[in-house]
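Just below sit the structures, each encoded as structure tokens.
What follows is a pair of complexes built around chain A, which joins chain B in one and chain C in the other.
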Partner chain A sequence: MDAALLLLADSRLPAGGHAHSGGVEEAVRVGAVTGPDDLARFLRGRLATAGLVAAALAAAACELGSSVIDAAAPARRRPADLASESTGGGPERTGGPPEPIALWRRLDAEADARTSSPAQREAARTQGRLLVRTARRIWPSPVLETLAGAVPEGAHHPIALGAAAAAAGCDPGQAALAATYSSVTGPATAAVRLLGLDPVTVHRLLADLAPSLDETARAAHTAARPERGAADPESRWTPHPDGEGTADPDLADPGFAGDAWWAALPAAAAPALDLLAENHLKAGTRLFVS
Partner chain B sequence: MGAHHDDRHDAPDGHDRALRLGIGGPVGSGKTALVAALCRGLGPSMRLGVVTNDIYTTEDADFLRRAGVLDPERILAVQTGCCPHTAIRDDIAANLDAVEILEERFGPLDLVIVESGGDNLTATFSRGLADAQIFVLDVSGGDKVPRKGGPGVTTADLLVVNKTDLAPLVGADLAVMARDAQAVREGRPVLFTSIREDGGAPGVAEWVSGVVHSWRHRHGHAHDHADGPGPDGSGEIPVTVDRA
Partner chain C sequence: MTAPPLDTRSSVRAHAAIRTERGPGGRTRLETLRSDPPLTLRQTGPDVVHLVSTAAGPLGGDRLVLDVAVAPGTTLEVRSIASTLVLPGPCAADSVMLVTARVGAGASLRFVPEPTVLAAGCSHRVAVRLSLARDAAVFWREEIVFGRHGERPGRCRSRFDAVVDGTPLLRQELVVGEPAMDGSPAVYGTARCVGSTLVTGYGAFPAMHNHGDGPPRGEHAQAGAPESAPRRAVLGDGCAVLPLAGPGVLVSALADDAVQLRERLQWGEALAAP
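Right after this comes the complex of A and B.
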């Protein structure tokens, strides 16, 4: 689903990203970023920390999202089962998959634990909420419905991005790449607007970073999906072929094993970015939300 | 897809929600003053919310809050990352989010006004964000502005030409502006105002009341036809030519 990945990562995706600078506005204000050289260092640092963490979370979210889709797909193909199941289920059950609400919340909590600045948490949740709002209409999917239901105030952006990637048909590696890409392109564009930099120069910086984007995404993907011993792809949450006994809707997905690695996902901190985010909120004048 | 009415990601259609009115126009033309005047004029009879798109700072939101025309909590400010037109036209997610937060906190509302950041003549609101829109010019930009057209001037549901009291001082001919606006707007209404001199904008308030009334009439019975089409194009909103 390469084309879907392009759509998802495109800055023209109407999901509110254009109003976030990823700390660049404050860095410009305090004189930490004044031109292309500073910007290149800023972007490298951001990629190695926030970018890596976001990519790992996005890959994990995509993995979880894909399992939700896998579980829902057979039910969709079996309308008869679906109808009979819906009569026996609870009031909210319509024969779809059990909603892995608890898993989404746990993964979102992992993102919270990796985001120490309240300002950054707020910005990440706002962006996540807007992305889910947008993606839900573009790629309707139980993935996004369950995530929206699990975290109504807005999941962290990487979680939303991974879920949207799954809904769009992308794999976790692609979700990680979209995350590394957006972790630097948003701030780079903000710097062009704030400093009046030559946009071609800045795109050259991004092109120089491209191999690192790939590499970071690969590392993040690996962290989110280590070898699972004897587990094969079929061991992911797969409903029983006859559509019965898939799972108790009140329990988190029992067949999904990816969450075992969540606690060990990368947690690279960037104290300077945290401080920039906090001080940005206090700045009297600002053009960007974050 | 089942709609989660308790979450904040939904984009409801026109049923059971307030009319969303966009107010756009160049910097300094009087958008914020018009919003304040509308809040004053309509506040007693309508449940209102306001979203501002400041270019810089939260000046417009602060002005409105200080003006005391509306409960300060009913005014939300959206930041637009140097691109005010993007936030009302190309990527409306943050504005929709703000509108829905207001509806969730204070709803049901009758009218949510979305004031754009000052921009140029090409800036218009997406139909996905605003059900109807007003474009505000002022005479001090010169009486040639209506002739120059642009989507704001030509397609807005209502064109307001403000600061008519300044016309003699800047050599603007109001008759020329009225004639040119009429020519490019194919019969859509134009109102001339001097919000400062008149202490309000009763003609505009009356127009907005008519639009809200018509909206309520069409969308008031949400559950009777919940599967019907989305918001109607504002081209269907009945308008009255009411030039002062």
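Right after this comes the complex of A and C.
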């Protein structure tokens, strides 16, 4: 569904994304971004951190959403099945709400754990809420209804994006690409307005970043594949101390053993973005919400 | 810029462990204190353990594992004698440091080692896996210095995962030495050090609450989170005290040098854990 992907990623999608600068407004205010060179470094770092994490979460959400849509196809082993098996072992985890509501909440909690700044969590939920509201009317789907019910205060934007991608018929790799794309295009557009930059120059920066957008989306999608975390623990982001595969019971940790692929999703932090986001909230006159 | 010292030893594997238990009268006793050079542990107080590195490094290819288990109702403080200088090794493989810590109900853990310094050419991976009972108190500081004075740092990926009763509290990875990160105003800016301190447990919030800017906005309190948990960050110079979505606070700082980093973190820690 390539055309659906274009519609989903289009800045003209009426979902409020244009109101957010992704930290650029504050970076401009404090003088950390003054021109195209700073902006290029800003965007590259943002892509490698927040962009990568958003893409992995979006791919995981799309995978989950697609599995719900495909529920009528019993031949396919769904992530939802895997997750309910893996989390069903501990007595404290059974008896909760059945999938997929519990799964959406759990994935949203993974986004929370990767967003230590309250200002960024609020911005992510605001954008997620608006996107789900819009997408429900454009691509009506039980996936979006379930997500809206599971996280009524608004899911994190990457989760909403992945669910909307599933509703639009996109695959998880496309959801990841939409996430990397929006992680830099919004801030770039904001910089044009804030610094009065030549829009062509800034679009050239984005074109230079295009291979990295693809590459980051691919890496994120690979990390978000359920079979990867389950079958290939060596390749997780966290180093595995037992290189030869000798199981060491001392290292078995119930917090990490079961739902491996969500727990192990990329979590690249950007401390400067956190500081910018929090400072932005305290700043006086603001053009952008975040 | 000095070349890393020649070291002809082959890469090492080490697996050290600390476990506490409740002794007579409810006092903490060290049930296990297992050194495995170069991870050498020394008990320096009733519930204080110092990590003493007894070799250079870690060097490329080394795999060092430290397991910490703090039994319910006990306390433990882990410190180190000196900063850790991560060096490239004779083999091209990453050096790896894995720390797992389990902190039981009503238990308390302070993990406050000296900074990790990334020497030029190193390729280091750190993983911290922290598993907490809901009412465990944890104070966990991590400081990374981007190379010795005037030196470009090697590469490092430092992943931190904290889970409270099976629910993720904090997952973050600091990546140093990648072209996309270095010098990006979005990641570390012009800083030469990055650090963070995770604070969980009751008593972690009162000082911050006074700085709160009104009622919670947007987020709903998680079940079991302290009623007084503030939802707004407190900002200092190069430092932010960030209330997490779950029951904890992260102090996050950037700085030009290790001394400034420690000062900034301590400023935030004083607000987060009075």
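Operating definition for what follows: the second predicted complex is superposed on the first by the 227 of 290 C-alpha atoms of A that agree within 3 Å, B and C clash if a C-alpha of one lies under 4 Å from a C-alpha of the other, contacts with A are read in each partner's own complex, and residues count from 1 in each chain.
The criterion applied here is as follows: a contact is a pair of C-beta atoms (placed from the backbone, for glycine too) under 8 Å apart; a residue touches a chain by one contact, two chains touch by 3 or more.
From a predicted model like this one, the values you see are computed outputs, not experimental measurements.
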{"item": "Which superposed partner A:P211 touches (first chain B, second chain C, both, neither)", "value": "neither"}
{"item": "Chain B versus chain C as contact partner of A:T115, first or second or both or neither", "value": "second"}
{"item": "Comparing the two partners chain B and chain C, which touches a greater set of residues in chain A", "value": "C"}
{"item": "Touched partner set for A:A32, first chain B, second chain C, both or neither", "value": "second"}
{"item": "Which superposed partner A:R137 touches (first chain B, second chain C, both, neither)", "value": "first"}
{"item": "Chain B versus chain C as contact partner of A:G196, first or second or both or neither", "value": "neither"}
{"item": "Partner chain in contact with A:E153 - chain B first, chain C second, else both or neither", "value": "both"}
{"item": "Residues of chain A that lie at the interface with chain B and also at the interface with chain C", "value": "126, 153"}
{"item": "Complex contact set, residues of chain C against chain A", "value": "15, 17, 63, 65, 67, 94, 96, 98, 100, 102, 125, 127, 129, 131, 157, 159, 161, 163, 165-175, 178-181, 183-189, 191, 194, 196, 217-220, 231-233, 235, 238-240, 242-246, 250, 252-254"}
{"item": "Footprint of chain B on chain A - complex, ascending", "value": "12-21, 94, 126, 129-130, 132-134, 136-137, 140, 144-145, 148-149, 152-154, 190, 193-194, 284-289"}
{"item": "Chain A residues within the chain C interface of the complex", "value": "23, 27, 32-33, 38, 41-50, 90, 92-93, 109-110, 112-119, 121-122, 125-126, 153, 212, 237-239, 241, 243, 248, 250-251, 253-256, 263, 265-276, 278-279, 281-282"}
{"item": "Residue numbers on chain B that touch chain A, as the complex places them", "value": "1-2, 4, 6-11, 55-57, 78-83, 86-87, 90-94, 96-97"}
